[in-house]
Each structure stands twice: as structure tokens, then as C-alpha cells.
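Paired with subunit B in one complex and with subunit C in the other, subunit A is shared by the two complexes that follow.
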Partner chain A sequence: MRYLNKGRSAVDKPITNRELIAEKLTTSLSDNLDNLEHLLANCSDAVIKRFKFSKSPVKDAAILYFDGLTDRNEIELNILKPLMLEMEMLAPEYLTLYKAEDIFSSVKNSILSMADVIEISTLQEVSYHIASGDTVILIDGFDLALVADTRSWQMRSVETPDNEVVVFGPKEGFNETLRINTALLRRRIKSTNFKIEAMILGRVTKTDVVLCYIDNIAPEGLVNEVRERLEQIDIDAVLDTSYIKELIADNPNTIFTQFEHTEKPDKACSHLLEGRICIIVDGSPMALIAPITFPQFLISSEDYYTHYIPASLFRLLRFGAMMIALFLPALYVAIITYHHEMIPTSLYLTIAATRQSVPFPPFIEALLLELTFEMLREAGLRLPKAVGPAVSIVGALIIGDAAVRAGLVSTPMVVVVAFTGIASFVTPAYNAGIIIRVSRFGFLIAGALLGFLGIVISLVLFLTRMVSLTSFGQPYLAPIAPLNMQQITDVIVRRPWEKSNKRPYMDGMKNQTRQANSPPDNKEN
Partner chain B sequence: MYRISNFQIYCLMVVLVAPIAILEQPKRLIGLTHHNAWLACLATIIPGYLLIKMFSYIIRKSHNPFPYLLEEYLGKLGGRLLSFVYVLVFIFTASFTLSIFVNFIITNVLTNTPISVLIAPLLFVGYVIIKTGFQSFARLCEIIVIVGLPGTFMLILLACFQNIDIANLLPIGYTDIKDFRDAVASTTSILGRLFPILTIAYFSNNPSKVDSVLVKVMFTYIAVILAPSIIITLIYGGFAGKMLVFPVFSLIRLVDIGKFITNIDILFIGIWITGIIASLTLFWYMACFTSQQVFNLKEYGFLAAPTSLIIGVLALMMGPNILILDTINRTFIILVYLLFFIMIPFGIFIMALFKPDKPIDTSSNSIEPTVIM
Partner chain C sequence: MKKLAIILIMFFIVFSTGCQAVDVNDTSLPIGIGLDLVDDDQFKVSVQLAKPRAAEEGAGNDDEADFVVVSETGETLSMASRNLMLTQTKVPLWTYTNVVVLGENLVSKDPAFYADMLARNPNIRNNAMLVVSKDISPEDLLEIDTPLEPFSALGITKILKIQETSLGIYVPVNIGDFIQKIATPGVDLLIPIVTVIKKGDKELLKIDGAAVFAENKMLGHFNEKECRGYRLLNAGVQTGGLISIPSPGDPGKFIAIELLRSKTKIRPHIDQKGNISMSIKVEGEGNFYEQQTEKELLTLKTFPHLEKLIAQEIEKDIALSIIRAQALNSDVFGWGQLVRSSYPKVWSEIEANWYDYFPDIKTNIEVDFSLRRSYLIDKTVQFR
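Moving on to the complex of A and B:
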């Protein structure tokens, strides 16, 4: 009401916040403050401090900030103190001395001892900056405002990521603060070609998002495409990178994720150096990497910190584990139900003996155990850290043992499901683990319905879906399909650094040279 | 228009010829030429090479891919009519592939399973692949060949560690010339299944190398038949070998690893099924693609559903009676291959001989087929 009485006729419709925020600042400080008070109504953390400064003439001014997002010491020492105590510097003779056009530019250029001070002119910009932790300074008589960077809030320190544990290599992980995350990348890539483009996404949240790439490596088409897709996002909130992932993916309606998530800056850097792009969202400790292919999910960053021979063996082990995680329960059910002759008679008789008292067919038995295992896994993740492992142990050992003793499930099935569970943990990327976990149920059903034939048919469908997918135009199963002999050697095994002269090929990559003994015409500057 | 790599073309061609041949051809060769089956295999190199040279020549001289090239050589009406006949031939070939598969599965893998239960999922998979597009299909074939070909050879070669008798391959020269000729003709006729190259070569990103790709396909095909033919003869001998219903299958059943892992034939079946799916789908794709061109349709994807019904019903009609299938397999199918995949292309080849060379830039006057990729 106060706003309406002062600014507009009473018969006018009440102005909405949306209309108000689009307006520009006026030369009247009181009008500007009224507008802002209207916008910030019921925001108990908003602070508006009015004060006077300068001698002749005395000027009215105000600062605005959100408590908790700013460093109060910095406001007092670098904004209020210079303005209020060193105001003699703003006398006309000093203005002449500093060759300033007016008080406003003098404050900006000479008084505020801040590294980063910018000018803004709209209420929208004022609201964005104070919500980001900056302090806005309004001076009477000017339709502009100054923004001083005073951001400071409680944040998680740089810690070891929980989801990507490594034995060798850097242990640092991203946290929820965008600028710290970009600094972690910048510290590793000390090149002016490393670009960090900023944009704001989310109509309500106004989330800071950055697109990172190395200018003289990443394909221009890829960078433009990602930028374009990001700019097209029109959503109220972006609270995590996952929001963006679904909105910009080539094929969003599939469980096959077309991005890699990482909490490790070293891993993000290695992808950037291979011409990929990285998207980081303020408030999320996960960086999105694109384009990505499925075989890359089986590559751990640690592979590159260990000798190539053990690294290659571990990689082969991971491929094998993935196969086990995908197919073992389905194969077991298919063999027990349809293809007894595949296993030696003595083994089959042992299995048959353990199954004698089990009331369920193998498929139901496998399904129940798999679902129980998934429940235990979910419970272990969601429960407090102190309780989680205990639940897993109780579930796995006590319930499993009790189920076998009660004759509800057979011992070989417990072994199969447990082995499958262990194998599914071998996959380094959690995303790929989800694909494997979900697909396993499909193979299990197919194996129970049609035996080996069912498994093969579902495998063909699985592969058909995978080969039809792309991640920003990059075939999802590359370099296996389409086959690229040069790159496949660095997917199945880890190529020694000595032989890694070229970066993995990508359409439009600007510079493929990785190390000095490559052809000289393509060397990086 | 999307281009596919020559390796993808190689894989597509291998899945066309190898899966059916590996199951059927060693038996047929041993049946006709006994211990000289391997010689008949090697002898196929000569007519096989001539056949692929014929295909290469047609590709080189023609402005348009199949089925447009029929109009190019036979006129609009004649070309269209023959293209329509080819649609039926492709459907028949796809159905035959499907019923061979069903016959094998109900005999060896899932006995007492209703045929329709087996046919339906296969047709569903084929349908999904066709709807996904040719580009994805080419990539799928790459995986099938990369995994399947070495896997098959490994399984067959494992059988070498069983009791073999080198004397079973002797005497080399003792054979009936007529049977030997029939064996070579039947092995060559399978190479007629490479006929879709007249369409697929058009999508190559390096058309000048298609010729060498076909040569590699032929040698792969020869190797795929030669290896089991030799090993079956070595183990069972020429006369006992021909008594087996599926000699390759019996051969792999013999394999055991450390007296513990036995009956690994299921692995072979797994690989074989993927090959059969690809083979079936490629002929099915050819039927849909040719129909699209014959009837001037905008796309072929929607034809996948109705043609699946025709293929399924035809396979059911051939499938239940093993005698009908065997008769089709021994006589009719070879005639179909000879007529439609060898003789008619040979006629086109003769006409191409008298045709002026294709201009270097044909983009302006060639017909661009509409393809979903």
C-alpha cells in the first residue's frame, strides 16, 4: 500500500513484482528504496542501510545486501568506512584532482577499495546481485547503482569425493561453490585457452552455470551446440546439474545417460584436454562432461595414475565384471530352467539337491533375491553412516542365512546374486552402474522366458538401443561401433603414455596432438 | 545422406552370407563330396571371385543403386515390375532364414516350444532394428561381426583338440566330378546373397574400395565354411559326417575344456542367433527399401509392421514341416539364389558391358533414394 500511495494513483491496478522488477532505477533514492522494499517485503534476511556521505554537498546513499551471504567485515571496512569517514575525498577540489566526472564515478573509481565494482541500472540486476551475495550501493541523484563483490558464506571445504574414491592420484573434489570449482580447474589448466563461459539459468533460482572448454582443442561445433542448448533452457529452477542433463541430452527418454558426472577436478580436466566440454552449476558438486560414450564409463581416472600394464588388467577386469553384473543371474536361471546340459552333471546334481526344498521356480527366487539386494543397497545409502553398514551386514548375512536355512532360497542362488552385486560395484561410474542394474532385470526376465535365446534377443535389443544413441552427435558405443581401431586400443586396455601421441578423435577437434613426437604441423601453441 | 564405412559394409555382407552358410553348407558339401568338401570350398574361390567382380562392375557402371538400376537397364516398366518381384524374393529369403532358425532351435535348443513363440520375438527384434534406422543397423552388425566371427572360429578350432585323423582328408583326388561341380555351385550360390551390395555400396564413404571389401567378404565366407568342413572330416570322416543333421553343431558339442566346461554349443548358438537376426533383418530391410522405391513412398519405416506379418506367416508355413523345408533348402532356395541373385545380375552385367562409362560427377542426374538413417 505504501508503494501505491507514493508512486501511483490509487485507482491504478496494484503493480506486480514481475512488472516492478523489470523497471529501471530512478534518480530518486527514496523511490528506488521504496521499490526495493516492496520487492524485498517479508525477506527478513535483507538489510537496507541508509547513510549520508560527502561534505559539499551532503549525499544520501544506501547499501543493500542479504545477511549470511556477505562478509560484514568487508562491507564495513571497504564500503562504509571509506564512504563515511573518508568523505572529504569527495569534496569538489578532490573531484577535480581525481578528474572524476561526478561523485558516482569518484566513489566507484577512488573510494571503494574493492577489486570488483560494477555499475548496474535495473531493479532486476539489483535483486540478482544481492541474492548472489554482492552489496549494492545506491546514491541519491543517480539512476545507476554500484555493485561490490562481498560474497562470503558458509561452505563445505574441498574434500575427497565420497563417490569416486581413488588410491592413487589427486584426492580433491568439487564442492557446492561454483567459483571454488572453477578455481580447481583453472589451477590445473594454466592456459588462457581454457574458457569458462558464465550464464544464468532458472527463472526463479537465477542459478549461475558455467560452460568450460579449451578453446584450441574442443570442436567449435560442439561448444556452439552446447551453448545453444543451454541458452534454450527455460525452467524455473536449476538446483543441480541433473536438471540440465535431461534438458540438453540428445535422447532424454532413455536410461542410458549421455553425460558423465564427476566430482573430481582432475578427471574433468582430463576430459577437457580431450576436447570435451564441462558444465558446472552453482550449488552442485557434480560436473557434467559431454560428449561421452558408454565404454568411457568403464575407465577410471586412476588408470592413468598407475602403470599401464596393471591399469590395462584392471580395465579388462572391469569389462568382465560388467558382463557378470549384466548376465550372470539371467544365465543361471536360463541354465537351471532350460539348458541343464551346459554344466557338468555333478554340478547340476549339487544345484538340484540345494533346490529341492525351495518352493519357488528359479526365476522368482532370483527376482526376490535381486530385489532384496537392491533394497539393501538403497537402505545402506540412505541410512545414517553409523547405521548403514550394520543394516547391510544384517541384511546380507543374517537374512540371507535365515532364508537359506528356511529353504526359501537356494545357496547357489545367494552366491550368484552376491557375486553379481559385487561385480556391479566394480564399474567406476555410478551412472553406468544404474544402467547395468536396471538392464539386468530385463535380461533376467528374458532368460526365464526363453532361456539363452531370450538372453540373446534381449541383448540384441539392448545393443540396438545403444548404437542408436548419440551424445552431442558422438555415437554412444564409439569406438566399438563405429569401429575405430586407433581408439579402441585405449578403451579395452590403457595405452602407454609413450604411445598416446594423439587425443581421442572427435569430429571437428581443433588439435589432436597430445605430445611432442606427433607430426609437427599439428602441435599446440 | 548418411555414409557408412567400408568396414560396416564388410560386416553387413558377412552377416548376409555367413550365419546360414555355417550351419547348412558344411553338411551339404560333405554330403556331396565327402572327404573332399574342403577342396570344393577352396574351388569356390574362382567362381566366387568372378561373382563379386560382376557385382563390382555393375556398381561401377551404374548411375543408380538397386532397384533404380533395374529401370536404368530394363526401362521404367520392366524395371518396376522386376523390382516388385525382388520385393517378394527378399521377403521369401527373409522367411526362409527365419524358418531355418526356427527349425534349428526347436530341434536343438528349445524343443517342444511352439514355433510362434520363437518367431514373434525375432520379428519384434527385426522390427525394432528397422525402425531404428539403417545407420544403427550397420553399427549393430559391426558388433555382431567383431564378437561373433572370432568367437565362432575359436569354438570351431577348439574342436581340433579332439581325436582327429588326418587320413580322413585323403585321398584328395577321389571324387565324382558332377558332385564336386554341384558342391561348388551350391557354395557359390550362397555368395549370391551378396546381392544387396548393389544398394548398400551406394552408401559407402569410399565407393572405390567396395571391390576389395567384397573380396574380403568372400575369403571370410570361404574360411567360415572351410574350417568346419575340414574339422568335421578330420573327426568324423567324410561318410559319417554327412549323416549328422547339423554337423557344425555336433562338432562344437564335442568340445570340452578341462573335462569340466562341456556342451559349449550354447555359446555358438548365441553367436549364431545374433547373425541370423542380422541376416533376416537385412533382407527384410531390402524388401522394405525396394518397396519404398517401387511405390515412390516417402519412407519405408511403416512397411516394417505389415511385412513382419507376411514374413512370419510364410516362415510358419515353411517351418512346421521339416520335409518341405529340406526340399526348399536343397533345391528351390538354390534356384532362387541362382536366378535372382546371380543370373539376373549377370544379365545386367552383360548389358553394362555395352554401356558407356559412368560420368565422374553423377550427382546432378542420379536418383537420390530416400533413406531413414
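Moving on to the complex of A and C:
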């Protein structure tokens, strides 16, 4: 009963945060600060400092910021010091000047020695800006607030990315701060045509997201499409680029990823220069690149930093390695279960001798070893660095040696799985590696069920699926299917720069000319 | 519903194929098989089965053979080979057969006893070599070890291949050639013979001559020289081989000439009277390989003479094999086929009694031999 009464008595319910945040600022500083204090209740890192400035008449004012996100030194030097001290020392002619205007705009235009000052008018904006690291200045008597950019926080420096290691070429990598990342791109493309469109995604997180493209290269339709899809996103949080990836993909329900991730600004730039777009999310060092086609996963940015002959050979090697990573276990199992006549006599005898004591059929043997390998790999990824070597020792000793000695698996199978493992690491793009790792099991099962027939059937399904996919309207297997002779030379081998007069073609591309000495019919600008 | 039906149809199509899973552990490899006729009505199939042996234990114990030979008889060859399953625990993978040894008894009888099986059986590959065993049954022949080669059946095929380039005597015959020749009129078969020789207490396999077939039955043999002549008479380019000629002016001493390549063209001619003759043109090239005298044999003067001597020797080998073939009345050279392609009308008339014409065919042999190199020295080693 008591509780019921208590519930009834609460007639004038306190205004909720959700309602409050939609309010506009009022002219009364104390009202505004009350509201803000209410919003910022229990936010121990929020700082609200009241102060007075301008002796005639004395004005009440306050600054708000989140400690840790701002450069306190800058607040003191460029906001508080001009307002509280220097304003009084101004020459009389200036004093009259600022008194002529209203005090608000003179503070904004003449007093604050900050590079970036804007006006805002709602509590929503106030809360967004202080959470982003800006400092908000409220002055009594105005229903507007000033925002000074004082963002500064502890961040990782620009480091070499761990996941995309190159021997030649730039070693800088993106970090978690959006501004640094866009700066890294801008530093490489010094053109005003390089556009960085900003938007805010995530209802709770209010994450800054930028869409980068080169205006006179990227197809307009593509940029509009990406922008539209980004704007349609309505999610509470965007903590990494991968959130966006799934939300804007043409076909999200497939393992064939239609985007490329990169941590390397030089790689992002090379994609931008080929007319693709790049999405960067604040808080993630991964830039998302679209549209991407499957053959591009075999291209490493290093190919373009090496002489084209070795680069072409490496590319062929990578292609071969991908084939091995996809098919070798399946082929091995299919051959030794169904197609014995494919093996040379002496090899057959070796295999037969090693398999004599193995109790499992080849398929089970392959599956066990492949799964063990994947587990070791997964374990190795997440392990603390101190434990890592222990796992590799266990993996190498127990799987490699003890299992063979105990007669649980045959040596050729260990060789096949190890070889496949090495081959799967050759693919430069990690997310393409996932496609290969997953598909391999499909092929393995098909090969064990039906031999070569099964492998061929599953290959047909695999290719059919890939051909049916698009990445922002680009066919997923382009330029192999549909075949484009002009482009395919730069996919299978690396074309010398001298011969790459044109950029890879994309529907609606504005300017395909890459070098001035290209055929005259393509000279546009 | 339609989708389900399509999926079901695909499913059944896929699972109705003939793929049959056999674990490696349940298979054995027949490296060589021997076919023979025993007691005039029983067919015997002997199989040399390889013993799988891991690399670690492999090389160590030489005493134990790397293979076992098992035999079984039956009314037909296929029956005999299936009868093996009564004693064997593993499925033989017949595709691994490298050599098929035909017993003397079998090849002297009706070719239909074994030719149909070799042609029809899908498991035995067409590139398996064919040899005839002489003075020994195929079963015993397969039991004999070859030195340095774990499986003697594989050894036979290797011997056949290697002698062709380094010695140039025998022409290997595989099942494909056999079937083609046995089914073509105007060509007879010549299959290398494998026999056993004794070296001390060791028995060795040796290729010794070739079995000449007439009317598709084994009729006689070619010896080494005749086989060499046969090889040179084979149309097209032959590479490799070694021949020795008597050293000019030094009776009892010899010169070895390495044959690089030879090219043979055979043209049949039929004159108005209906006499058939063959013009045989051989162009050879070779290297001077060894001499047994101190004489300078390679001078500008002696050179043409030497070339002529070699040409004569080649001509002699060719003539010998022709004489032998005509004596046995076996058209191993396939001259009937040559007549058929050059004179199709005449051939249709004489095809039925081709073997009445064959022994009387005149030949006109022209050999042109050129010496090319003399390897490390061009002068003779002088002993002082």
C-alpha cells in the first residue's frame, strides 16, 4: 500500500532526459546550467566552470567540457585568459567596437583566439559537442552557445599496422582518431577534388563517419548510393567500420565480403584514385573500401612498389597459393578415396605405407587436422603474447609429431594440411582469407562425398554464388566475369606503369585517364 | 515444390554415379601381371603385388622382397583374376599395372584368349608394356628380383625404356600398340622377349630378342641384330643407340658409333608385272664414340670411307631383319599397310593372299650416314 501511495503522489513527474535534451537553450544562464547539470548528473568527468567577465557590465558566463577529451591548456590560454584578463586591457577604440556589437558576437569574432568557433542553440548540440571534446561557452542573456574546438586526447601515435606488413612502401597506418586518418589521406592526395564528407551515425554513440572520394574520378552514382545507404543507417552504436559494412552491403548474407579493409593510407589512396570510395569511422583504424571485386583480394599494395616482373610473378604465386588453400585437402581426400589411379605408383606406395595403421578414413583424418589447425590459429590470434609460443609448441609437437607417431594421422595428411595452412596465409587480404578458409571445408566435404565430381559440383556452386554477387553494382568477379581484356592484364599480372594509361574501368567513372600519353580519344582533362 | 523436385533430382543424379570409395588401406598395387595357359585349358593369372613400406624402415632390410607374387587359374583370364580374391585381403588396383607378361604357351595359341581381355578391360591401362616370357613361366619370371629396383615388373619397363636410348635394339610395345596392330591387316607383331639368365647363384632378367608373330600367333624369334634392323626400319625418327663396326684395316678390332638419330622412309613400288618392291631410305647421324686402334681414323681422307662403312653396317642389320621376317613370313614392318595406302586398288586385290607376296618383295636399301662429333678428342691417343 505504501508503495502505491508513493507512486500516486508523484504527480509532477520530473522531466526526463529525453525530453530535456530536445529543449532549446534559454536566455537565462542559470536555467541553462540547471538543465545541463541535470543532464550531466553522475558524469564525473564533466566540468562546468562559471565565471564573470567584462566589467561594464559584468557578464555571467560558464564553460563546459569533458575532462580528458580537451586540451586544458588551450582552454585556459585561448578562452579564459582572453575573456577574463585580456578583454579588459584592450585599447579604448576596440572597447567601443565590441560594445557597439552585442557582446555575444564580439566574443565570438574578436575575443576568442581560437581557430574554430561555431554557434549552437540546443541542449542536444551542447551535449554532442562537449562529448566530442569541444568546449561550450554559455553567456548569460543569450539563447546561443559558442563552441570552441579544443579536442585533444590520449591516442595511439601513427604506427606501422600489424596486420598489413609490407617490405617496400609506406609503413604508416591509420589509428583510432578520425582526424588523423583523414589527414593521412589528405597528405597523400593534395587536391581539392578529394572530398571528405562527414556525417554522424549511431543514436547513442554519435560516431563521426566520413565518406571519402575523389570528386572528378569516382562515379557520381556510386557516391550518391553510398551516401544514401549511410544515411539510412539507424543503429545505436557504430564502434567499428565492420558495423557499417554489414549494414550497407549489397548482399550481407554471404561470406563473400564485398569490401576491403585496410589500415594503410597509401592503399586507401590507391583505391580512391581508381574511383572507389572509402569510409572511415572514428574509433576504428580500419578504412572500408568499396566497391571491391574478388580478384582484388589477391592484389597487394606492395605489387605496385616492386618492379612489375617480380610483382607479376608474386601475383601468380599468390593465385596458385589460393588454389592450393582452397582445393588441396579436398583433392587429396578425393584422390585417395576415389581416384587411386591418379597417383604415381611410388607415391601411392608411400601413402599406403603411412596410412596402414591409421584408423580413420581420410575424410575424418583431414577434418580433424583441419579443425585442429583452425583452432590453433584462432587460439594464437587471441592469446597473450607470453602464452603464444606455448601453443605453437603444443601444436607443432602434439599435432605434428605425436599424432603421427601414435598412428592417429598419416604423415602425408599432416603435410597436406600444413601446406594448405601456409598457402592460406599467402592471400594478402585477411577477410578474403576467411572466404578461403570457410570454402575449403565445403570443398573437403564435397570431395569426400563424391570425389572429383563433388569438387566440380561445389566449384560450380561456389562460382555461381560469386558471379551472382555485386558490390555497389560492380560484378563481384569483374574483370574475369564479365571479361574485360583491358583490365584483366592488371589482375593476373601487374601491368608496368608505362602501360597503365587508364584506370580500371568502373561504370560511370568520370575520368579514366591516368597518364597523359594515353590514346587521344580518352584525353578528357 | 518445383524447387524441391529439382533439388531431389540433382541429389539422385549425384548419388547414382559410379564413384566407389575404397580406402587406401584396403588396396594393393599389382605392378605387373603375367598371363599364361596351363594344361591347355586353364588360364593362369599371376600378379606381382607391391608391399607398401614406409620410408623409414624401407631401405634397411634387403633380404625381404618388396613384393609378393600370387597366382590363380580359371576358365578365363578374368575368372582367374577374380579367383585371386579367394586368397587376397586387398582389392588390386589394376590401373597400376606397368607390364603384362605373356606366357609362351599363351601367345602360341589363339590370340582371342587374351587380346579381348586386354582390349576390353577398363582397368588395365593402354600404356602398360607388353613382353613375352621365354624359357620361363610368367609366374616364375615375376618372382625374380631386379637389382636396385624394388619391383621387377617396374624394372622391366625401365630396362625397355633405357635400352632404347642408350643401346637402341628393342622397340617397346604397349597394350595400345598391340591392340592396334593385332586388329590391322598387313602388320604383324614383334614383342620383346624377357628371359632369365644365371649369374653365379643370382638370377637376372634380361631382354633377349623379340617374339615374331605371324597370323597373330608367335612363330619365331628375332635376335639382337635383327631387332636393331627392325628398329631402324621403323618409319619416322629414331633417337639413340650404339652400333659397332669393324675397324678398317684392322681385322678383329672395332669402332663404336653412337647413333644420334635416324630417319627412315619406305616407299612401296609396284611395276607393270605386279612385282612389289620397297625402296628404303635411311638417313642417319651419329658420333664417333670409341676406337680400338692407334690409327688416325678421323682424317679428311678416311672420313667418307668411315661413314660408308657405318652405312654398310646399318644396311646389313636392316637386310638381316628383312630376310628373317620374309623367312618367317611375318610382316612385322607393316609393309602391307604401306601398300594399302600407296596402292589401295592393288591392295584390295592382294589383301587376301598378301603373305604369298610378302616373302618375294625386293628391297632397295639406301643408307646415308653422317658423322657429327668425336667428343673430347679429335686425334687418336698415341701410346708412346
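Just so it is clear, the second predicted complex is superposed on the first by the 486 of 525 C-alpha atoms of A that agree within 3 Å, B and C clash if a C-alpha of one lies under 4 Å from a C-alpha of the other, contacts with A are read in each partner's own complex, and residues count from 1 in each chain.
As a convention for this text, a residue touches a chain if its C-beta (ideal position, glycine included) is under 8 Å from a C-beta of that chain, and two chains touch if they have at least 3 such contacts.
Owing to the predicted nature of the structure, the values given are computational and were not obtained by experimental measurement.
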Subunit C versus subunit B on the shared subunit A, clash or fit after superposition: clash
Touched partner set for A:Val467, first subunit B, second subunit C, both or neither: first
Contacts of A:Pro362 with subunit B and subunit C, given as first, second, both or neither: second
Partner chain(s) touched by A:Thr513 [first = subunit B, second = subunit C, both, neither]: neither
Which superposed partner A:Ile457 touches (first subunit B, second subunit C, both, neither): both
Contacts of A:Thr337 with subunit B and subunit C, given as first, second, both or neither: second
Touching partner for A:Ile351 - first (subunit B), second (subunit C), both, neither: second
First, second, both or neither for A:Ser105, with subunit B first and subunit C second: neither
Of the stretches 7-15, 61-69, 259-267 or 313-321 belonging to subunit C, the one that collides with subunit B: 7-15
Shared subunit A surface residues [contacts with subunit B and with subunit C]: 338, 341, 450-451, 453-454, 457
Subunit B to subunit A touching residues, read off their complex: 5, 7-8, 105, 109-110, 113, 117-118, 121-122, 125, 128-129, 132-133, 136-140, 142-143, 146, 260, 262-264, 266, 269-270, 273-274, 277
Subunit C - residues contacting subunit A, complex: 14-15, 17, 19-25, 27, 29, 31, 50, 52-55, 93, 95-96, 98, 154
Subunit A to subunit B touching residues, read off their complex: 338-339, 341-344, 450-457, 459-461, 463-465, 467-468, 475, 477, 480-483
Residues on subunit A engaged by subunit C in the complex (per definition of touch): 336-338, 340-341, 345, 348-356, 358, 361-362, 450-451, 453-454, 457
